[in-house]
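Here subunit A shows up in two complexes: once beside subunit B, once beside subunit C.
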Partner chain A sequence: MKVIIPLLELSRKVSAISTVVPSKTTMPILSTMLIGADGNGITFSATDLDISVTSKVKGRVEVEGKIAVPGKKIAEIVKSLSGDEVILEADREKLTIICCKSRFVVNGRSSDDFPTMPKQEGKTSFTINPGLLLKLIQKSIYAVSTDLTRPALCGVLWEVDRNRLAMISTDGHRLAKVETKIELPDVKKMDVIVPPKALSTLKAYAEGEEKIDVDIGENSISFEMSGTSIYSRLFEGPFPNYQKVIPAANEKELVVTKSVLADATRRVAILSDALTHQVIFSLDKDKLKLHVSTQEIGEASEEIEASFSSDPLEIGYNASYILDIMRTIDSDEISFLLDRPDNAGLIKPVSQEADIKQVCIIMPLRIG
Partner chain B sequence: MMRLIAHIDMDAFFAAVEMLDDPGLRGRPVIVGGDSRRGVVSAAGYEARAFGVHSAMPIFQAKRLCPDGVFLPVRMERYREVSRDLMRCLGEFSPLVEQVSVDEAFMDCTGTGKLFGDPERLAVRIKKRIVELTSLTCSVGMAPCKFLAKIASDMDKPDGLTVISPGEVRRFIDGLPIGKVPGIGTRTMECLKKIGITHLGDVRNYPGKLIREMFGKFGERLIRNADGIDDSPVVPYTEPKSVSSERTLPEDTDDNGVLEKHILRQSGIIARRLRKHSLRGRTVTLKLKFSDFRQITRSVTLDKPTFLGGTIYRETVKLLAAERLTKSVRLVGVGVSNLEPAGGTAQQDLFGTGSPSEEKWERAERAVDEIVKRYGDGSVKRGRLLD
Partner chain C sequence: MDPGPFIQPLVRAREVQVSPIRKLTPEVAGKIAAGEVIERPSSVVKELLENSLDASSRRISVALLEGGRKRIAVEDDGVGIPSSELPLAVQNFATSKISDTGDLLKIDTLGFRGEALASIRAVSRFTIRSRTRDEDVGREIQWSGNDLLNDSPYVGNPGTEVIVQDLFFNLPARLEFLSSGTSELRRINSLVESFSLAFPESGFNLIEGGRNIISLPPSTLRERVEVIFSSEVFQHMTTLEKVSPRLRVHGYLSLPNITRGNRSKQYYFINGRLIKDRLLSHAVHQAYRSLIPDGRFPYVLIFLKIPPDGIDINVHPTKAEIRFRNERDIHRLISSAVRGALKGNTISFREKVESVYHSIFPHEQKGSTGTGSTEAGTTPVIPSGEPGPCGVPAGKPGWIFHEAPLSLFEGEERADIISSGKLYWQLHQSYILIQIRGGMVFVDQHAAHERILFDRAKRNMAGEKPAIQSLLFPATIELSPAEYERYEKLSDTLPTLGFEVEPFGLRSIIIHGIPGGVRNWSEGHLLTEILGERNTARTGVEDFIKSFACRAAIKAGTKLSAGEMESLIDQLFATEFPFTCPHGRPTILRVNIADLERRFHRTVSSER
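== the complex of A and B ==
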C-alpha cells in the first residue's frame, strides 16, 4: 500500500478516529487503526467492539493495500508533523510515514486480524438534518450519568416515532429532555438507549455533512454520512419512568436573563464547597439573591434582577448543574418553575425554538 | 537532620482514671472490663497485674486470679475526656502530635532543643506537665525514629523515661529481643527463632533476600529496622478509616434472632458515631467469632454511602443470612468503612434511589440523636431492643 494525503486532511481525520481507539484493551488488535486503500479511495477504521467507525480520507492511492497500525502512536505522530503532504507506505507489517524530512517506520499488524465492521440490520431508519440532530444531542447529552452501577442512565434515551424524535438523559439528580416534531413516515415506534460515546463521535464527523442516515436495530444503531459510517451497540434498558418525575404543578415562576444568572452563579460558586458546589437561591419579590457560605473558605453573594411574584423561597442547587443547563439553552431568558425547597425545579427557555421543545429538571441540594 | 521522636504511653490509663475519680481505689487491684461475666479485661491497674491479670484476658479468668479485685465497667466517654486534656498538653511541646489511641501518642520533637533542652530534659518537662494537667503518670520513650521510641517507652514502665540517642541505636538494636519489635507476635517470633534470629540485630547477618521471601513487605520493614531505619512520619491527624462496634455475647448462640438483636444495637451505635463525625460509609462489614475462636468477616459495598442505623442493620443482616452457621457464635461485630464526608447538604434524587423512606429515616434518626444528647444513652430504644 502507498498513499499520499494532505497533512491537514490526515490530522483532522486521524484525531477524530483516534478517540475510538481504546487506550486499554485485552485484545492488542483493538489498539490499532486500519488503513485501507483501494479503487474507492482511502479509509481509516477503528473499533472498541462497542463502537466502530470507518471514515474516508481524501488523498491519492498509488498502491492498493491494507495495514493495521497502533492508533494512539499514529495520532501522536500525525499531530507532531509539519508540512503539506504525508506519504504512508506499507511494507508487509511495517508502515513508513514520510513528511518533509521526517521519517517514521512503525511496526503494525496484519490487517486480517482487524475486526470487520458489523453489518447493520436495522428495524427502522430515517434521514435527518445534521444541524437539528446535533442540536438535540447537545441539549440532552450533558445530563447522562457516569455511574456504571446504573448502566441505563449512562446513555441517552431516544424515543423515535412517526412524527416525533425525543432525547432524554438523566443521572438521577437532573434530567434533560428535548423533542422535535419531525415527519418520519416510515419509522416504527422505538425506544432505544444510545451510548454517549457514539453521539460524541457522531458530532466529530457530522460537521459539513448534508444529511445523516440513521438506522436503528434491536441492539445497535448506525449513522451513515457521505464519508463516514459509525456503528454502535445500544445500552440495555429499562430506562426509568422519567415522565413521572417531570413536575407538572410547579407554579412559582422565576424569569431571569440567562447570561446574568450564569455569570452570577459562576462568580459566587468560586467559594462554594468543592464537593457539593452548593449555591443558595433566595427568592423574593422580583429579586433573586445567590449566596454561598462555606466554612473555612468564605462567603459570596450577588443580587440579580428577576421576575418573581410568589412568597419568598430559599433553595440550594449544585452550581455546576445550573451552569450546564445555561450552556444548553439558546433563549436569552429562562423560566424556572419552582415548588417546595425539596422538590424538583423545571427550567425551560422562555422562547422555545421553532423546531425544538426543551425542558431541564433539576433536584435541589438540601440546605444543611 | 536527625529526627527526635517521643512516644508517650499512659500508665494503666483506664485504671488510673478510675483511681483519679475515686481515690478510695488507690492501692487496690482495679480491673476495668466488660460488665458481663463473659467480657474481657480492657485494662488492669498495676496492683491487679501483680496477680497475673492482663488486658484481653476473659473476665472470669481475671476473677479467678484476683478474687478481691475491683471490677469496673468501661467508661470510655470519661477516658476520652482525660485523653483530650492529655493531647492538648502534648500540643504545647510540638505541633506534630499523632494520637495512636486514647492513651498513647507520638510526637515529632525535632528541632525543639533550643526551646526545651536536650531530649532527657524535654521528656522530664513533658511528664511533669502531664501530671500537672491530669494528675496521671506516663512513660516516655525518646529515639531518632518511631519504632524505637515506642520500644523505649515500654522499657521502664510505669512512670518511665528512656532515651535512645543516635549513637546508641546500633548497640540497642543488637541487644533487642525480637519479640519486642512492634508487629511481631508469638507466631512470627517462632518463625524467626527457627532461623536463628532472636534479636533484631541478628536480622542484619541474615540474607535479606530470604527475609523478604519469608515475610514479604513486613520482612522489608524488618531489614530496615535492623539498620535502625524507620522513616515513617508522625502524622498529626488521620481521618477515621472505619467505624465499628463489636461485642462478646453473654452466651454463645446460633440463634439468628439473638444475633440480629445485637446487630441492631451495634448498627445504631455506629450510625450515631458516623453522624456525629459527619461521615457516611459505603462498605458494611459483619464480623463473627465462633466458639472455636475461628473468625470470619463478610462485607458488602453499597451504591450510596449511608449513616443510617436501619440501612447498616439491613445490610448486615443480609450478610448474616448468607452465612451457614455451623458453630455457635461468641462475638458479633458490625463495621462501616470506605468513609466520606456526609456534609450538611445532600443532593436530592429524582427517582428516590434506594428506599424511598431513606430521607424520612434520616430525620427520625437525627431526632433520636437529639434526644439521646439531652437525656442520655438508652432514653430512646428500638422496640425490639426492649428487654
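== the complex of A and C ==
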C-alpha cells in the first residue's frame, strides 16, 4: 500500500477516529486502527466492538492495500508532524510514515485480524438534517444515568414515528425530553435505546455534513454521512414508563431569565454542601431567592427578579441539575412549573423553537 | 425401684464415707481463707504493695527469686508499724484501716479487709520487720506457717520489710498449680507497672535474682506514663479530663492511629485501685468505635475518682472487681470524656503525626524495619494481597506507608500542589494520589467517601435534617421475612437518614426519596443489600449506618473527575475523624520522598 494524504486532512481524521480506539483492551487488535486503500479511496477504521467507525480520507492512492497499526501511536505521530503532505507506505506488517524529512517505521499487524465492519440490516431508516439531530442530542444526553446496574437508563431513548422523533433520558432524579415534528413517511414506528458514546462520536463527525442517513436495526443503529459510517450496538430495554412522571398539573409558574438564574445558582452553590449540592429556592410574589446554608462552611443567598404569583413556596434542588438544564435551553427565559415541594418540577423554554419541543423534569432535593 | 446389683455397692460406699459436720480448726480455716486472697506470688506482691502505698512510702523495692516462688521481699520507707502492734498485724481481720461496718462504705485506702498479712503468713515462711520513725528500735517476727519461730528487736532503716519464702510450702496442692517463674515474673512486672502509674510520686524497683527489671524514681504522672507506655507511643497520646459534680475522670489515651492487638496496655484505676471492669472498658471502646479496626485496642490509662460511697469494692477478696451505684452515669461520662478527648485532638493529631514522623523516620533512615514499633500506627504497610514492589515479598516492609495525616492543605503546601499543575491523579480508578511537600499521599476513595457518608448519617442521627433526593420513579422492593423484620426495626432510623419509605403491601416497601449524595442506589438494590446483611449479631442502628455508608459510598473502580476528587478530599477533611473509615481502616497513606529516594538508592536530599 502506498498513499499520499494532505497533512491537514490526515490529522483531522486521525484525531477523530482515535477516540474510538479503546485505551485498554484484552484484544490487542482492537488497539489498532485499520488503514485501507483501494479503488474507492482511502479509509481509516477503528472499533471497540460496541461502536465502529469508518472514515474516508481524501488523498491519492498509488498502491492499494491495507494494514492495522497501533491507533494511539499513529495519532500521536500525525499530531506531531509539520509539512504539507504525508506519505504512508506499508508492506504486510510495517507502516512507513514520511513527512518532509521525518520518517517513522511502525510495526503493525495483518489487516486480516481486524474485525470486519458489521453489516447493518436495518428495519427502518430515515434521513435527517445534522443541525437538528445534534440539537436534539444536546438537549437530551445530559440526564443519562451512569448507574451501570440499569443499562437502559444509561442510554437515550429514541422514539421514531412517521411524524415525530423524540429523545428521552433519565437518571431517576431528573428527566430530559425533547421532540421534533418531522415527516418521516417511510419509517416504521420504533423505540430504541442509543448509547451516549455513539451520539458523542456522531457529534465529532457530523459537523459540515449536509445530511445524515440513520438506519435502525433490532440491536444496532448506524449513521451514514458523506465520508463516515458509524455503527453502534443498542442498549437493551425496557426503558421505564416515563410519561406518567411528567407532571401535567403543575400550576404555579415561575418565569425567570435563564442567564440570571444560572449565574445566581452558580454563585450560591459555591457554599453548598459538597455531597448534595443543595440550593433552596424560596418563591414569593415576583421574587425568587436562592440560598444555601451549610454547617461549618457558611451561607449564601441571592435574590432574583422573577414573575411568580402563587403562594410563597420553598423547594430544594441539586444545583448541578439546575445548571445542566440551563445549559441545554436556548430561550432567554425559562418557565418553571411547580407544585408541592416534594413533587417534580417542570422546566421549559418560554419561547420554544418552531420545530423542537423541550421539557426538563427535576425532582426536588429537600430537607427531611 | 430396685437400683439393681450393679449400682448398689456404690451407693453403700457413699453412705460409709459420710462424716459428721465439724467446725474447722483455725489452721484449716486460715488456709482456705488465705487461698482466696493469695492465689500466686503476684497476689502476695499486690497485697504487700498496697500496704506499702497505704503507709505513704516514697520508695518501694520488690525483690524476687524465681518469680517469687522461692522468695518475695517487699521493702518500703513508709511510716512503719509500731513494735507493740506488729504481732497484731499478722492476725486475721486485723487492720488499722477500718474499725466498724460504717467505715466499709467509705474506704479510701487500698487495703482494708485485714486479711492480707495473716493470709500470707499462713501459707509461707514469713518474716516481717518494721520500725517507725519515732522508735529507736523496731521489731522483727518470723513465722513458718502458723508456728512462731522468732521474735526479736530490729534496728534497720525506718519502714517495713516483708519477706515471704517458700510460698505454699504447706499447701502442696496449690504449689502444683503455680506457673513457671518467668510467667509469675511477667505478672508481677505488669502489676508493678500498673501500681507505678497510679502512684507516680513513689519510686518503684523490681529485682529478680539480683537483676534490675524495673527502676522508677519518684516522678510526675506525665513522666511515668511516658516511661511505661514508651515515648514513641506517648507522642501519639492525648490527655483526658472531665469533671462532674461527683466524679472526676482523667488520664491518657492513644490516638486512633496507635493500637494494639490486645488489651494489655489498658489501665483503669478507681480511687487509685487497679480495676478490671467491663463497664469501663466497654465505655472506652464505644468511644473508639468506628475509629479503629475491630480487634484492635487503644492504649488507655484512666483514673476515675468517685466518692467512696458511690462504689462497692468489697465484692471479692482480690478487690479487682467493683460495683457502681450508678453504672449508666459512669458509662456515659467515660464515653463522652474519651470521645471529647479524641475529637479535640484531630487538628493537633495531624501536627503530631507530622512531628512524630520525623522522630520515628529521620532522614538517616534506620531501614524500613527500623522502628521496631509494630504496634504503632505509623507502621510500614504493604497493601495486602499485592506482591511488594521490586520483588519485596508482600508482608515484609518495603515502601514505607504511613497512615499519615499531614497538614495537607495548609496554605504553603496547597500552593506547592497548584504550582505543579495537576492536583489529583486517580490510580486504578480506586485511589487518589496527591503530591504534597516532601512526598505524596494516597487516599482510598471508597474509604474516604464511606467516612463522609458515615459522618453525615451520624449527624442526621443527632438531629441534623437530612437532604432527601426525591425519586422520579419510586422503587418498590419485595423483602424476605428476615429483611422485612429488619426493615421494621429500622423504620424510625431510615427517615432520619433521608430515606422516604413506607410499607407497600405484604412484605414490600416503596421508596420515594433517598439521602442526597448517595451512590449505588441501583433502583433500591442498595437498601435490599443492607437490610439483607446476614450478620445477625450486628443489627444495631450503628451497624446499619456503617453498612449504609459502606454500600452507598463510591466503589473502588469508579472513575472520578478532577472536580470529584477535589470535592471528595475537601469533604473528607471536613469530617470529624478524617483519617479512618468507619471500620477503622485508614483512609490516607503517605509516602515520603526520602523513602522513595532510598528505594532508588539515591542519596537522600533535603526535603523539597
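Here, the second predicted complex is superposed on the first by the 367 of 368 C-alpha atoms of A that agree within 3 Å, B and C clash if a C-alpha of one lies under 4 Å from a C-alpha of the other, contacts with A are read in each partner's own complex, and residues count from 1 in each chain.
The working rule: contacts are C-beta pairs under 8 Å (C-beta built on N, C-alpha and C of every residue); 3 or more make two chains touch, one makes a residue touch a chain.
What you are looking at is a predicted structure, and each value in this text was computed from that prediction instead of being measured.
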Ask   = Since both structures carry subunit A, what do subunit B and subunit C do when superposed there: clash or fit?
value = clash
Ask   = Does the superposition put A:Glu296 against subunit B (first), subunit C (second), both, or neither?
value = second
Inquiry  = A:Ala274 in the overlay: touching subunit B, subunit C, both, or neither? Say first, second, both or neither.
reply    = second
Query = Touching A:Pro28 in the superposition: subunit B (first), subunit C (second), both, neither?
reply = neither
Message = Quick check on the superposed pair: does A:Pro240 touch subunit B, subunit C, both, or neither? Answer first, second, both or neither.
response = both
Inquiry  = Pick the subunit C stretch that clashes with subunit B in the superposition, from 363-371, 381-389, 435-443 or 561-569.
reply    = 363-371
Request  = Find the residues of subunit A that appear in the contact set with subunit B and again in the contact set with subunit C.
outcome  = 147, 149-150, 170, 172-175, 240, 245, 273, 275-276, 278, 316, 318, 342, 344, 361, 363-368
Query = For subunit C, which residues count as touching subunit A in their complex?
reply = 452-453, 456, 459, 464-473, 495-496, 498, 500, 512-513, 516-517, 520-523, 525, 567, 570-571, 574
Remark   = In the complex, subunit A touches subunit B at residues 147, 149-150, 170, 172-175, 240, 245, 273, 275-276, 278, 316, 318, 342, 344, 361, 363-368
Ask   = For subunit A, which residues count as touching subunit C in their complex?
value = 147, 149-150, 170, 172-175, 240, 245, 273-276, 278, 295-297, 316, 318, 342-344, 361, 363-368
Query = What does subunit B use to touch subunit A in their complex?
reply = 303, 341, 343-351, 353
